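Chain lettering (A, B, C, D and E) follows the sequence in which the chains are written, and residue indices restart at 1 in each chain.
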Amino acid sequence: GCSGDDGGSGSTDDPIVVGISLPLTGDFSEPGKGVQRGYEAWAKITNDKGGLLGRQIELKILDDQSNADRVVADYEQLIGKDNVDIVVGPFSTRLVVPAARVAEEYGMLFVEPAGAANEVFQQGFKNLFYAAPAVANDHYNHLAEYLLALPPGQRPTTVAYAAMDDPFAQGTAYGLKAKLEAGGVRTVVDEVYPPNTTDFGSIAAKIASSKADMVVGGSQYQDGVNLIVALQQLRYQPKLAAFSTAPTSPEFAAAIGNKTEGILSPTGYTQKAPYPSNVEFVEKYTAQFGSAPEEDEANAYTTGQVVAAAVTAAGCAEQGECQKKLVDWVRGNKVETVVGPLTWDATGKPQGAHMIQQWVGGQIQIVLPAEAKETDIVYPKPAW
Amino acid sequence: MTGVGDSGDATTGVRSLETDGLTKAFGGVVALDAATVSFQHGRVNALIGPNGSGKTTFFNCVTGMIRPDSGHTSYRGRDITRKAPHAIARAGVGRTFQLCRVFPRMSALDNVLAAARTGGPWSQLRGARRGAEVDRARGWLTRLGIEHLADVEARNMSWGQQKLLELAGVLMSDPDTVLLDEPAGGVNPALLDRIGALVRELNAEGRTFIIVEHNMELVMSISDHIVVFDRGRPIAEGPPSVIRSDERVLGAYLGV
Amino acid sequence: MASEIELVDIQAGYGRAAPVLRGLSVSVEPGTIVCLVGPNGAGKSTVLKVASGLLKPRSGRILVGGVDVTGQGPQRMLAAGVAHVLQGHSVFREMTVAENVLLGGYTIRDKAVVAERTAFVRDLFPVVADRWRTLAGLLSGGQQKQVEFARSLMVDPKVVLLDEPSMGLDPKATSTVFEQVVRMRDAGTAVLLVEQNARRALQTADLGCVLDLGRVHISGPAAELLADPQLGELYLGGRPAEPTTTGTAAALDAATRDG
Amino acid sequence: MPSASESPTATATSTGAGAPASAVPSPVPPAARGPARLGRLLQAVAILVLAAAVLSFPALAPNPYILSAGIVVLNYAVLSTSWNFVGGFTGYISLGHGALAGLGGYATGLFVVKAGLPSFVALAAAALLVAALAVPIGFAALRVRGASFVIVSIALVLILLLVFQSWASFTGGSRGLVVPRPFPGLLRPEHHRVFFYLFAALLAVALLAWWLIDRSRFGLGLKAIREDEDKAESLGTATFAAKLVVFVVSAGFTGLAGGLYALWFGDLDPVFQFSILTGAYMVLMALLGGVRNLFGPLVGALVVGIALEYFKVEFGNSPLHLVATGVLLALVVMFMPDGILPAIGTLFNRFLRPTQSSIREVTAAQLRDRDGGGPPAQSTEDTPMGERTGTTA
Amino acid sequence: MPSGALLFQSVILGLLLGGLYALLAAGLTLYFGIMRVVMIAHSAFLILAAYLAWWSHARLGVDPLLSMIVTVPLFFGVGVVLQRLLLARLRPVTLTMMSVLLTFAIAVVIEGLLGYAFTGTQRRIQLGYGTASFGLFGARIAVVKLIAFALAGVALLTLYLLMKKTTFGWALRATIQHPDAARLVGIDTDRVAGFGFGLGLATAAVGGTALALDTTIYPSLHWHWIGPLMAIIVVGGLGSVPGAAIAAMLLGLMQSLLQIPMGTTWAQTIFYLALFATLAFRPQGFFGGRLAQRF
């Protein structure tokens, strides 16, 4: 039972209310719901173990419709009106930045699962922490290393880039581009398309006619799917195809008619990671939702883990003075999570790297780095 | 106030509206065919002609509502061919429309007030419903027998009432030269007599009229000078007595 | 003889405003022309709108051929034989003259009849034939009016309601219109005519009604009304009629004489 | 209260053919004057109450969220009042005013970030810039009317969206633009309070400007444009110039509102700054309240703003709040096509004013006697005299 | 310098795209040009139709093309009802303005209901022939795009013939231009206007299905379509079906070609540039009727 008295925020039987705004509709709804599942799994798993500080966790989730104005109003409501104890972040850089500002100005700790672009860390936020191994520009680091290490004869010589006009999506593609260009790999197509693009015929035509060895898509979700289909319609067969986030989504394979073979994608998470909390996460998540968690779910779960660690260490969870303690703790400590141990620099940037996954044998599997791989990278990739 | 008063004495010989070779074709239809017409100041002029002979087009061209293909228009000796309609209106040429145009969702009084002329740009910021102008506006409504409609929205009026309202509006704008396109269309004949008298009265004050009308009785009784159009050009002009017996007019217009 | 159309004690008005027609009764027998005259805003057009079903009366009855049709819409009224030509301009502006005229025969199923009538109106109004493919909205005011009248001639109704058919027409076309009105009457049609060209109209009509304040003020044989000097002054305008000619007709006459 | 018999028109008729002088309607039905005065009184009271409510709101707001929601509503109110300079007076329905607000926001932000201007100087400069840009925009857009104008205005939003997205080197593109805080030291609740008053002041200025135009000759000219543009032109109104002027004024206020919002909100993203929805909400609010009324847009903003917040709280995590908004809008359009204020006015009139008649109340004979001054007509025998159906009583 | 192959491929893609645009815009032509209704909700109905096509494929396993057997009559009926129940009640004087709002409301309701029923998740029909294509002089033509193009052709031709050659078309135009006069010549104006609107929505059913064949759909996608479609009908001349079709093809082609040098975002501006150019030089549109500029 819960206490019926809402007299003060200090009363220890009250649940810890965690306020979240998520893009449950609109552009980011697909990953947004993944994040929601991750948070729900975290709350359930934690509550089943007795909660935090002996208090149950209660999620208060609002829908921001992928709209930056709404996300601000949501956090305003969560903090100002609903008086939640903790806030955590929404999905996607475009929403994380304005949301973080509200939290910052109310002095709240702000751990977030999906503000991966560099921009997030250039705003001067002091209370923000990104709960994933690496920022967007570093997502492809392992792939770049691998490619540049190939003997010159095998190395792809030309690359076509197409990125959504979105800080995260461009961040991933351009992170790789910078490294490959530095290594002497030529850029033959460099296309940017607005987030609402639905027809990829022309972009695909450009890429196809460039006959680039490799295609890199800076994609969120739907755009990645559309671009791949458009490329397939034109019978373009690159040696390597890499897309950010889209291929890791559970809907992906079906969406492109299962012609997934060989597609690469960076990820911060693998279900098979040996970290103790991950084993528990995968098991209980699967029990709760009927399928194993993907990256978005894991990021949200990681966020929860970071918050939980801070709350436990600080011994408090409410607005006001306590938040300062939480922030200070996170800044000074390492947190064990489902994506491994995380630490942050002064701007809240995590200090790790992403892995590279590839669709091999109808399954998406880790192929890089060598120490984490589940299977060997297939290069050149088979025709799709 | 514009110089209506002082031009009143110079009733003859002063040029009012003139056109020179005014031409306007719509696709294949030549609505105005090098029409050269001259109206004198201080007269009641009539412009008659069969349906489709270009009378309304003539009005539209001289008031700047449509651009002629070629030719010139001048008013009191000054070229107004390419001037905007409002500039021509401000120069003193007011007009009504054949298809009767009023401001449908404004009361009759506001319809008339909206026509009141203003001075410089700053006077635009003065209140619209100042006493003197409201009195003047009501005065016009009364003279045209529609004062009981002052607060009725124009769209709720009968055809003839709207026609009268439009006339009240253009008179409120105090033009030197008034172009009326079928003022009698749909107006009760009893009232028409009064309108005829009103025209003569205003003319005596020094205003020039150019009236397009098919009501021959009205035309013959009030006009000093008649211009007859056929196929976009004047074919005859002169005082009523002359026009009445002009053969070309009989053939083209009166259908005999 | 029974009236072809009969309006009995009609009260009618627009929206919530005060009534416009206040207990008005009119009837028209087959083969007669009844002419409504009256000041602007007296309610003449309103009478016709009620008669053709465009406006539902608040009370009173409408009989067509003895059958009560009160409250029926224009489509049913047309089916019952009532045709109405609106005041002002009611051509379909963005359709060609041809389409306008042919739409006049919308309810006629027989193609031959349509073709025959089309030929008839094209003959009657040269402008209809000359501008057959022009958009009607591009015609001059009087030309549009002619198209409209031509459109109404496509059907052959029992009752015809004409709202100022001569407005804006040149003398030639006016004569054509009045000739057609007479022809309809002679063919047995009941004609309810509203005209501000009152003297000319009353000369053509059999009966006249003066409408004022929303009711029939005076009615009687058209010739009698014409002769009444007081009515002339109040409603008909102009000089009291010379025995035979007046108005446009006078001008015409004068012209003919001199020519 | 002046009675009809004191009006000059009525005295002149006292010689009329037996009709009692007081029966001749004076131009304004006497019964209507009382309510008019009452109406004015009510209006004054309403203004005072409204002002008091607005000023005391920050003190009464239970928490900063409510205060921020209040700012959002005030911002809507300023925007739709600004929109109403064009929409209400000239009848041009611009769905593109969101673009002007976005321009104001971006201009303010860029002036601060790139030119280093102080925040409120930047705001003023931005408003001027938007007003200046409104000249060419208006020049292109105001040439067309009706549906075409609606389309052009939509196009304006979309084209600016594309430009601000594509020209990332200057505008920040989809990375967004962060506008530095004007009062960096303030905590968020304080920050809200300050901006609440700033928005309230801006609203007051916008309302005042609207009111001044409404009662002026310029305003009457604009309304004439709304009714029939060609006709207004032929009566000597420089319609194009008038439209342009009022468009520029409207743009200036919209730009100010957008700029102030940018200073308050801090994060600009082209997708949301240049959104058709913003413009559509402006139109919705103005129409809802009544475009012909000074306070129409404000009332509309209150209703829509509160409804939006309410729906959001109520259906927070399902798209049903969209449905609720749509249904609300549809209901207004269907049942209050002139807006809330006029609907209330009609109700008010129905109780206090008798139905008006547009039909003349005197016969032609009486009329002639009245102003003709000729010999009183012996009224025709059956002239129905005493018929004046209680319309002037 | 783009290669000849790329140019040719782009031309093909542009024409196919233009065909789709023409189909999507066809209904708008009807409402705007003929009925004077500013129909913001048209693209929302397109998306609705697309969802129905997706749903029938994903849940019932029916080919999306077959779903039209249901959606076309259904949309026609919905159109009739909408017109009779809602639009017909708007006052003619304020029709343009109020229809903007009313249809905006309808659009938002549809979007909300779609979100409620199908969530905001992006959906895409997974057709067996979704990525199938065949070659033509070195260029490739995707089967789905060609189907959409064919649908467009058939629908547009039907619409055109209906409007120009049948009494229904005449009656519809007459009804809109002068309702009273139309009633007086015996037209059942209520029914005709309802059918007209239904017809517009029926094209949305076809268009939505064509759209769903080759793109992802999500409830708020309709906002994305409003701008380009409106630009098309203005350039084509409000009210002219052939005009809209030609404008759509040209703009589709230009967009596709401009994408080569300028990139996706800037290429989209062609719609608005064409729009402004049209209004500046020929407000009545390049192919449309002569009186269209009047409103």
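One rule holds in what follows: a residue touches a chain if its C-beta (ideal position, glycine included) is under 8 Å from a C-beta of that chain, and two chains touch if they have at least 3 such contacts.
Here the structure is a predicted model, which is why all the values come from computation and not from measurement.
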Chain A to chain B, fewest steps along touching chains: 2
Most distant chain from chain B by Cα centroid: A
Interchain centroid distance [CA atoms averaged], chain A/chain C, Å: 78
Centroid spacing, where centroids are CA-atom means, of chain A and chain E in whole angstrom: 37
Where chain A and chain D are represented by their mean Cα positions, the distance between them in whole Å: 45
Chain A, residues touching no fewer than two other chains: 24-25, 165, 194
Residue list for chain C, restricted to those that touch at least two other chains: 17, 39, 41, 138, 233-235
Residues of chain B engaged with two or more neighbouring chains: 104-105, 145, 149, 156-157, 161, 190
Chain D-facing residues of chain B, complex: 63, 65, 84-87, 89-90, 94-95, 97, 101-106, 109-110, 113-118, 123-129, 138, 141-142, 145, 147-152, 156-157, 161, 169-170, 173, 190
Residues on chain A engaged by chain D in the complex (per definition of touch): 24-25, 61-63, 65, 67-70, 72-73, 76-77, 79-83, 94, 97-98, 101-102, 105-107, 117, 119, 123, 165-167, 194-195
Sites on chain B touched by chain E in the complex: 104-105, 155
Chain A contact footprint on chain E (complex, rising order): 2-3, 5-6, 9-10, 13-14, 16-17, 115, 119-122, 124, 126-128, 130-133, 140, 142, 144-145, 214-216, 218-221, 223-224, 255-256, 259-260, 263-265, 267-268
Chain E - residues contacting chain C, complex: 167, 170-171, 173-174, 177-178, 180-188, 239, 289-291
